[in-house]
Structures are given as C-alpha cells and as structure tokens.
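When the chains are written out, they are named A, B, C and D in that same order, and each has its own residue count from 1.
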C-alpha cells in the first residue's frame, strides 16, 4: 500500500487550481514577472518526512517569511532581554510597511512588521561585524533552518533595493530612536538580501518543522536554535504573523504562521507539523489567496487547529491493576505532561495504606517532558517515604526518572 | 501518600502573598471596598478534579471574565455567521473601554472589549425577549459553565449602573451603527448584571475547564456549548483576552485567558487544564498583579505554554514487530491525531508485499480524534485492498474504526 | 442709479445654477426631501443693509450653523473660563460626528464638532433650568442674532431625534468624562431642537454681521453678546468651522465660516460683512458644493480674504503741514488703530524742539479703537510735557481723547 | 518728545525677565549651549520703522521660522498648483517631527511640520540644480526677506546634521511616496542648512513685515515674492504655524505666527505690523515660553487680534453734502475696500434724479484696493449713464480710477 497523505495533498491542490483571484505583488518590479498559476503545498512531519504536491520545487524569494527566522537568530545571538529591548511583541493593527512603533518609546511594535524586522536583522550576529557579513550570517541561518544551502536572487535584491526608500524611512526612524545602531542604508541592504533568499514550498515545510519541533532540523539533526527561542518565535507568529488578519487567522486556521509577498505561507504547529504553501496571487492583506485556502482546508481536514487538541484520556492512566504476583500496578501510557502526570499521581494516592509494595509500569509512555518527569519522580519519592517498595518498569534501558 | 499538586499550589500562594503592588479598581465604587490582601489559585483537571489554595472560596463579581462566556452563549444561540456579522475577532490595541470599532463599518473589533461585549450580550437568547429575560439567560449560562447556580451582587450592579455613561456611549454608538438593536440603556443594564455574577477562583477553574474540554462541564457532565464554540472562544481569548498586553501574555504565559477588573484571571489550556486566580490589585493594563505572577509561574513550572507541546515520539508507533504466530504486527500507542496517525500509516506502508496477513494493535491507544480515526481506517482499507487479512486489536470492546 | 451690488449677486447666482454636483444629506430622513435646486446668497453690511439674490427667503433648518451661536451664548452665560474648562478650541482633524476628545482628559476638542456642540448646548442658560427651558433659551438667542423670532421645524426635530443614537453616544461619553452634567438624552433633545431652528440665507447674513460687528445686531441694535465673545467665536470658526477642510478654506476663502448639513454656509469677516448662502447638495466633507463656490468667488471678487487687508498708507498721516497761522499741523485721517497711531506719533516726534505751539487735526479720522485713542492721548501728553500748547481739532463736538 | 512705542516695548521686556520657566531645546547639542536669559522683542511697521528692546541684536539660528519663507520661495519658483500637489495646507494635530501625511496619498499635511518643510525645501529653485545650490537659493531668499545678507551657523549645521536620522526618515518616506525627487540625505542637508541661518529678533520683525505687507521688503523696497504668495503663506501660518496649539494661539493672540526651537517667534498681522521675539526656553509644545507671553501682551495691549478689526464707520463716507457752488458732494475718506466702497455707492444712489451734476471727493482716501477702485469706478460710470456730470477730486495728481 501507499500512505494516503500524498493523495490527500494532490486532491487539495486540484481542489483549488482553478481560482484566479488576487493580484501579484506589484511594488517590487521583479515580483510582477512570476507565473501566477504556480501552486504548491508541502507538509513535513516531526521526523523529517516531507509530503508535497504541485510546484513544490519551484523557487521563490522568501521575503517576509524570513522574519520569524531572523527573529530566532537574533534571540540566539543576543538573548531574550536584549532583543525585547529593541523590538516588542504586540500586534500592531497596522499594515506591514507602516511606521508602527510604541508611542512613548519609539520601539518597533513587533518583529513581523518591516520596521521591527529591519531592527531584528541588525541584531543578528556579532554587533561589530560589517553589514555584508551580517547578511551572510542571515543567509547561513536561514539555510540551517531549511537543511540546505539557500541561494540569493540577485535580480530581486537589486530590484527591491532600488525601491528601498520606504524601508530606509523605517530604518532611519528606528535609528533616530536608538533601536538601530548601524547606517539605515546598510541595514536595509542586508534586510533586503535576507528577503531575497530563494526557497521552495518544500523548504518552508522543513523550516516550519524545525521551529515546531523545538529548533532541531528534522533533516540534518542540527539544533539550529534552542527550544526557548522556538516558543518565543511561535508565540509572536501566532499574534503578529498574518498582518492585520491575525485574529481571523487564529480563529479560522489556528496554526502559527507567516506569509510573504512573493506568495509563500509557512505554518508551524508545535509538536505536530510544518507546512509550506506557494501561490503568488495576494489578497488585500498581502496574504496568498490560495495559500490561505490551502491552510483553511488543511486545518479543518487534518484537525490541526491549536485550540482543538484532545484532552488526555483518563483511561490512559490505567486504573489500579495487579501485577502477576499480586502487587498493586499502575500503568502509565502515552505522553506524560502536566495533565497526564497529575492523573498518574492521583492513582498513586489511591493505593491503600496497607499495600507495601507497588509496581509502576512506564513501558507504554510515548514522550515525557521535564514537568511530567519531575511530577512522577515526586510521586515515587512520596510512595517510598510512606515506606513502600516501588518497582519501576522503564520504557528503555537507558531511561531514568531522576 | 498525598498527591503533591496541593502542596505546589500552596507554595505558589505563599511565594507571592507579600506583594502589595497595584491598585484596586476605583471607577466602580463597590469594587474599592474589597480586601486587597485576598489571594487564591485553583486548577481544574479535564476530569473535574479541582485543586485550590488561598481564598479559593471568596466570592467576587465576575466582571469582564464573563465576556468569553457571553460570546460562547451568543455563538450557541445565533450561530457563527450572525455573531461575526456583529462583532469582529481582531485585537484592537485599545483600552477595554474605548470606542474601538472598525473604521469602515463601525463593527466592534472583538467581544473582549466593552463595546463588543455589550453587543455580544445583546445577541444572547431569543432576539424577541425583553431585556430582563436576556440577563436571566446570561446568568443561567454562566451558572452552567460553573456547574452551580451563581448569584448576582445587587449592590455592585446598582453601583456600576449608576456610573454607566461610558458604557451607554459605547452601546449608543453600536446602536447607531446598527450592531445593537435594543435600547442602549437596557443593553447596558443587562451587561452590567452579567458582570455582577458572583464567582470564586474555584468556579473560574471549572468554567475554564469546560471551555478547554470542548464545552462539557467536568462536574455536571452537561454539554453547555458545542465543541466548535469552544475553539472559537479560545481563539479570541488568545488574541484579545489580555487587553493590550496580549502579545506579551502569549509569549510569556501562552495560555488563552481573560482577566476582570475585580481581580480574577481565568486561563484555559485546550485539553489540559482550567485555571482561576483571584487577587484584587491591578496593574496599569487592568490585569491582577499577583494573578499575572501566578500564571507566569504556573506556566513555567508546569510546562503549560501552548507553544511548547511535545512532539509525538516516533517510538510511539512501534517499529514493525511480529505477533506470536509470526504475522507482522504494528502497535499504535498514545493519542492518535494527524501526526501520530501519519506515522502509523508509514509503518503500514513498510510491510513487505509478500506478507499476506497483518496485526494492528490499538490496545494502548489513549485517545483518538476524528482525523486520526479516519486516517487509520483508510490505512486498514488500503491494506485490505492489497489483498491482506488485517486483524485489529481494539482498545475497548465497543470501539470501532468505522 | 442703482448700486451695482445686487447685480453682482444676481450674476454670481446665475454663474452657478447649472451645477448639480454633490449629494443631499441622507442620514436625516427629512433633509432628503428638500428641493436640491434651491440656491441663495445674501450679504449684510455693518450698518444692516442686506443684499440678496436667489432663494434668499427659503427656509431651512440651521443645523450645525447654530454651533457658533450656541458657543456665543454659552460664553455669555458662563464666561470664558468655565466654557474652556468644558470644550477646547483646537481643530480635531476628525469628521464632525466623531468621538473627538482630548486623549488625556476626555474634553471635547472644540465647539464646532458634535460632541463639543452638545456640551456647549448644555452650558447655555442657568445650569439649574430644565432641559426644555434650555432649548427655549437657545431658540431665543438664535432669534436675537437674526433679529427676528425663529420658528422650529418640528418634523425635522422629530425625524432627527428618532435617529439620535450617535449623538447620544457622544453625549454619554461627555457625561462619563464629567463635561456634561445632565441626562444624555435630554441634552441631545435640546441640541436637536437648536439644530431645527428655521432660517433663511438672509437670516444667516444678519447673524454673521452681528458676529462680525462685535455682537450688536445691525437690524435691531441689540447688543446680543459682548464684543470679546465675538472675537472668541470668530477665532474658533476660523480654525474649526469648516470641518477637516479648515486649512483649505482658510487659504482659499479666508473668511471665518460655519457650514451646516442642510446646505447653508455662514461667513463673517470681522468689521466688514456677513454672508449667508444656501444650496442643499453637499460635498464629501459635508459642506454645500455651490455654497463653497459662492464663497470662493465672493472672496476673490470682493477682496474679502482676511489675510489680504491693505496696509494703512503712510500718506494717511499727513506729513507735517502748517496751519493758517503758521503753527505746525499734523492731520490724522482714516481709522486710528495701532499702526496708524504709531505713524501719527512719529510725526509728533518730528516737530522741531523750538516749535512751541502745534495743531493736531483729527477731523478726518473715520474710526478709532481704544489702543489708537490711548496712543494719541499719550502723544498729546508728551507734547504738552515738552511745554507746548496743543490745539486739537476734533471729529465731533462730543469727542474727547481722554 | 520721543514716541512712546520704545518705552512700551521696554516695559514689556521688563515685565517678563524674571520668568525662568521652560526648557532649552536639547535634541540639538549646539542649541543647549545658549544663554537662556536672553530676551528680545522687535516690531516693524509697514514703512520699515523698527522698534526694539532687549537683546534684539543677539543672533540665533532661525530653525522652523524658516519654514514659511521656504514655502513662499517654493510658491514663487514653482507656482501654487505644483506646490499644492506636493504639500497640503491642513493642520495635522501631530507634533512637528511626526510622519504626518495624508493617509490616502502620503502627501505631507502642511509645510510647517518637518516632513512638509523638507518637501517644500526640495521644491525651491530650479529642479535641476544640485543640492548645495538649492541651499544657497534658500539662504539668499531668507536674506531678501530680512533685507540683509544672513550668515549660516556652521557649528549648528554640523551638529544638527549629525543627528539627522529622524529627518532622513521623513524625507525617505516622502521620497518613497514620490513627493521628494532627490536623495533624502541631500534634502535633509539642505533643509538643515536653511534652518541654520542666523537671525536676530530685529530680522524677524522685518521678515514678518515683508509678509504682512504683500511681499515688499520695507527696508530695501524689493518685491521679494508676489502678493498672492503672502496671502497663502499667512493663511497656512494661521492654521498650522503654532504646532498643536494653533487653535489656542488663534483665539488668544490672533496673529499669524511661526515659532522655532531656538526660541524665536515671528508674527505677521496683515497690513499692520511684523513682530519678532526671542527667548530660548521652550514650553511643552516647543514654543518659546516668554515669546508666547510677549505676543499675548502685545496682542492685548495693542489691539492686534485679527478678529478684532474695527468696522468702517458709516460716518467715513460723508452724508451727502453740498459743494461750494451747490452741487451734491459725496466725500469718501479712509481706506476704500469692499465695505467702504459699498457705503459710497449707496450714497451715490441716494442722489435725487433731478440733480444733474455731482462732486465725488476722494482727497481724504488713505488707501484703495482693486475691488474698492473697481466699485467706485462702476458707481461713477452709472452716475454718468444717468446723464450726469461727475467731478472727481482726486487724492493725488497721478491717481486715476480707471
């Protein structure tokens, strides 16, 4: 048999190819020359399997989809406090190219709008390096997220830089308010180069999975950024990623995402999947018309809405059973996080006082985060404090609760 | 042994009782008379176990925390389209009592700010009922979420209604733009009564769990609202619940939440937990100072950030094994959703063509959503199409994949 | 002969009757029923001569043109400080029916926008009177400005009050911020009645001249409000009278003015003329399309731009001459204000020290304000201090410099 | 005797020297080094007499007071339509250094805020000249208004240009929206040089009188710009000159004015006077604290409020009299503008039909604008059409009504 996922994606693509709504981005001359009929979707699983359909290997410039990754690299290089000192995390309600800053301080409102993205760009790498070197760090960083070396579209870079004045205005304002410390022209050049990196829908899916999976690239295995960076980036994508349609996207699709003016959309559902789509025609918010459709269908069909995660079944934590030799036995299954660990602890507490020896069976546990591990360890400690013998059946030989 | 969760909550409370920052809400005279030292936290699990510490049974008026529930009731009574026609879902960036409407249409921006909340209130129940009856439907609905009959604080209702003019301004503007169809004074009276319902931190935790668990009250078992309503409500709480600190809350705490001016905060993590806190002193955004601290610590200590959910382990879906009689056997464990079902389907696809008969062991599955079930069923269908005999080992006798 | 002014006005009217641009106000049902072809202009001179052409006796509701007069009456009844405490004087840049208040205090920005006008309305008369009595004071005041008893269009009053909710929103907000101290509904009813007073273009011209001439009605001779009130009202009309086209109006027309949604425009050039026009079709700012044209032509043709007043001729103050008996003689002509008095004083100072006796001839002075009088008196005092005999030739027997 | 005006100004200065409120401008390092105790006032009459008191010859950089003059030069060089295409005339309600542009088009709102001023600067001179040459045209133009060659403070220029980024942001935005066609850095350099021209309070008074008097420098006699330019500039100063205190200034002071961050204020009352003040400490709006006081007192003491101009006396136009030989005689006195010419025409019309010959005595006319001349000429024409002989007694031998 073949797994049905590719068939599903193919049907998805075929379900929307006829649509010709929306307009190509026109403010960058080079972007107006692409084939508007292109259409692609790619899904990457946590273990790096990539399913794709349509023009999934067609290259396009990454544009604003580079913003969350530049934010991740800035967090990696300068730490959370320094980055927050320079760029906020609140949605702006403004268009992406507005002078959107906090009124009291002039701090750019978030890293997903241009003024915040240019500021973020200028925070990547060692502050002392020349601007060409900073751009190289960016391209290298994007490549690590994608798991392959990305090229730069020099024609787009040149074309965008020639119409740079709005971004220079944003960079100059940030410089004037002391949030950028380099020459505005240079920051804009580097930022424009970052936006000119060439990616495919397949790349977007892998980059998304790297974010969704805690920073580890599922293809190369490289830990590109620490896990806390991913949490921060995904949070900001959730509140600010889809421009001024953020609330609508959150309720309709429910996947942290970022769109770009060249027609790509990247979505990253924590712990579940990375998704990339590509279709050049844009709606009035600047989001790809068919990309939005694909995400809406994927979210609905695949149950990927972040607000619809299933509750852990109380049955996952077996009611108290007996081991073959008659000792009380508690079997814990599935992922162990706060909510399932809490259930397990309640089972522990139900063991009658006169039972001396107990068995805790963890062999069917699928994953365990640090909180789950701490809680189970505390439960075992308390059982022992009560004077009991506890036998632990572990999922792997090298696993330890402490 | 005792489960350590109560001890943890007690330590949490003790860790912040000394703090006296923030101010009591002053604009409603009755609210200025409460004891500012009160402090409580309560956590309710998906199966209705409530852990609490501090003044968890102290009553206070629900105020703005009623907003997501009124929104849920309006969605229940009028459907998504009608409600969206009257109230948007985008964060406003404005203070909660601002005239925050879409510039083109005058539609209130979201149901979490007052103008949107008053509009939402007026959508609950049969449109033809008198306003006193509508207020009664609201109190009844809030009670169903809490699992007990809530009282109204008549003194607060009277005190707030006497200083009603700002809300009358908001209601009159909404009426003028045709989003409210009743008399502004009456809508404000009903909304004020809704805000005067008396709750405890314990109630908030139960109400949150009802939302987080898909609309089913974990105490009474009543399905208060359909599951799709909860998804919508949680999404709007995530983007608009914490006023203009929404982005900060999302990145720091990562739990859909709603705060109220009387000092309560309610948080609902989908599928995991409901949390209620109470402490009357407010920060400059109008959020409870110590409530915010409690949530920050809970989120960090308990790993409750929505962007930090663990990936399903690839080990959850056992590598192909053999049954006792030598047939290929695929064991599926833990929760079955898109990402885990996809893994299982890949294992199915790896079975060599010459193997005729296979065993699929679902006995260690903990939960399964409709997508996961559909995907597994399709996999089994395809295995059979290949001409194989498939034996399914089911988690329960009454379980069926179809 | 006939004075050519009526011929000019007739030509002016005939020059624009063909124009059918613009739309009738539609938000008040009664206003949509008027004959859109109506067109009128009237000019009133400082001494009360009224020239008119077109439908100058057609009645229409005064609407927003009542605002400067309500402001004048509030200043008369409560004084400048109290009125400034309640309503500002800065242009708002907002549409007339916006919630346009100062962000820090909530004070309405100016009396020419609705929220400021409703607040201003509530300041007229004794604060203790019931709202019906306040409306009567308003109609009485408007009538005094017009020099005849104005009627109220009860059908328009009823029609507007039925669609009052936006104004109730504004009044409620002002009440909530403590700038209105009466019930919002009552303030809006009174304000709506004020707006429903029936006037003609001829009335507007007389009302304007009353303002332009320092508060004295040129027909009845009644001093309706003190002179300082007129200066304040004209200043606010200049900066805020023409909604968000204020700057354009000031540079193009240069006459303090106020327009109304029923199609009237009133213009008052200090010391020069009062003008009223009427034509119901409105431009996108809510100003009468043909009314604006009439004012532009009148201003250009008649040299009525406030920034184009002629300088006093240095020749007005005769170079030193000799009286018939050989004494030095200084003749002062025309209006004596700062700039002309300064010239006269310079002539006084040029009289050689050895001339003992001088003649100051004021017989050709046309007007003299208090500053001019004070300056001339000081000059005469200084001439006498030098030991000279000064003979004053006065314009009238009852005139005195002291 | 000495004219009392200098004594008055000296008293005015002495009345406020003790005041030490306000702060020096700090954002430009060089401006923080001036002596904050400096205080000066100067008044220039229409014929070029300058009265001054205090530090009236102390030099300071002109800063924003250059804006109305740059606007005048742009109007002179490019015409009204081209200039209006690039810069609006509406007050902005924003601070002077805000990105204050029309939302639909991006056109800077007015020439008195920085973004409009930089755009205006770039319109002066031949579009093809290099930027250093444009700056030279500006300094030359400012010098012509002042009647002497102004120097540039190179240290201030250098200091301001080093902190140029906010202005570069504004210029880049204007360039991006196609309202500036030169390099942002170059436009800002030229604008900064324009702002660095050194003036005295005495210079400001002369420059103001040049504007107030229709563009003719009262010292040099040069017609620096046409009269229509002055009307436009004064109008924009009236609505936009005093930043966001424009309405307050208009009602309190009533003189078209412009202030600068170095402490100067320039006021120009059409046809009456030019005023310059200097005192470096600024209020929160950026206007000189003591400069505002001086203007308030001058306006009040000298009756200079533009809304308080006296009405022409009906007595100015003599009731019909008789000439020595018995013919009807109408004597016209003072300034002849619309309002006085209208009075004269009414007198003409009152002459009985049977009077054949009439005398019109214009010898006491002080000034006559083109409208007044046209109206009198039409009156005389009509008298002649009635078959009368009209004898005109003229004010000067070379004067003609036609």
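Rule of thumb we're sticking to: a residue touches a chain if its C-beta (ideal position, glycine included) is under 8 Å from a C-beta of that chain, and two chains touch if they have at least 3 such contacts.
Computed from a predicted structure; not experimentally measured.
Enquirer: According to the touch definition, list the chains common to the neighbour sets of subunit B and subunit C.
Expert: A chain counts here if it touches both subunit B and subunit C, and no chain qualifies.
Enquirer: What is the graph distance from subunit A to subunit C, where chains are linked when they touch?
Expert: The distance in steps between these two chains is 2.
Enquirer: Based on mean C-alpha positions, I'd like to know which chain lies farthest from subunit C.
Expert: Of all chains, A has its centre farthest from that of subunit C.
Enquirer: Could you give the separation in Å between the centres of subunit A and subunit D, each centre being the mean of its C-alpha atoms?
Expert: 60
Enquirer: CA centre of subunit B versus CA centre of subunit D: separation in Å?
Expert: 64
Enquirer: Where the centres are mean C-alpha positions, what is the separation of subunit A from subunit B, in Å?
Expert: 23
Enquirer: Among the residues of subunit D, which are close enough to touch at least two other chains?
Expert: Touching at least two other chains: none.
Enquirer: Just say which it is for the chain contacts: an open line, a closed ring, a star, complete, or other.
Expert: It is a ring, because the chains touch in a row that closes back on itself.
Enquirer: Which bits of subunit A are touching subunit D when the two form their complex?
Expert: 99, 163, 165-166, 168-173, 175-177, 184
Enquirer: So in the complex, which bits of subunit A are touching subunit B?
Expert: 1-5, 45-47, 49, 88-93, 110, 212-214, 227, 230-232, 234-236, 238-240, 244-248, 250-251, 254, 256, 270-273, 301-316, 333-335, 337-339, 342-343, 345-346, 348-349, 351, 364, 366-367, 369-372, 375, 378-379, 382-383, 385-386, 395
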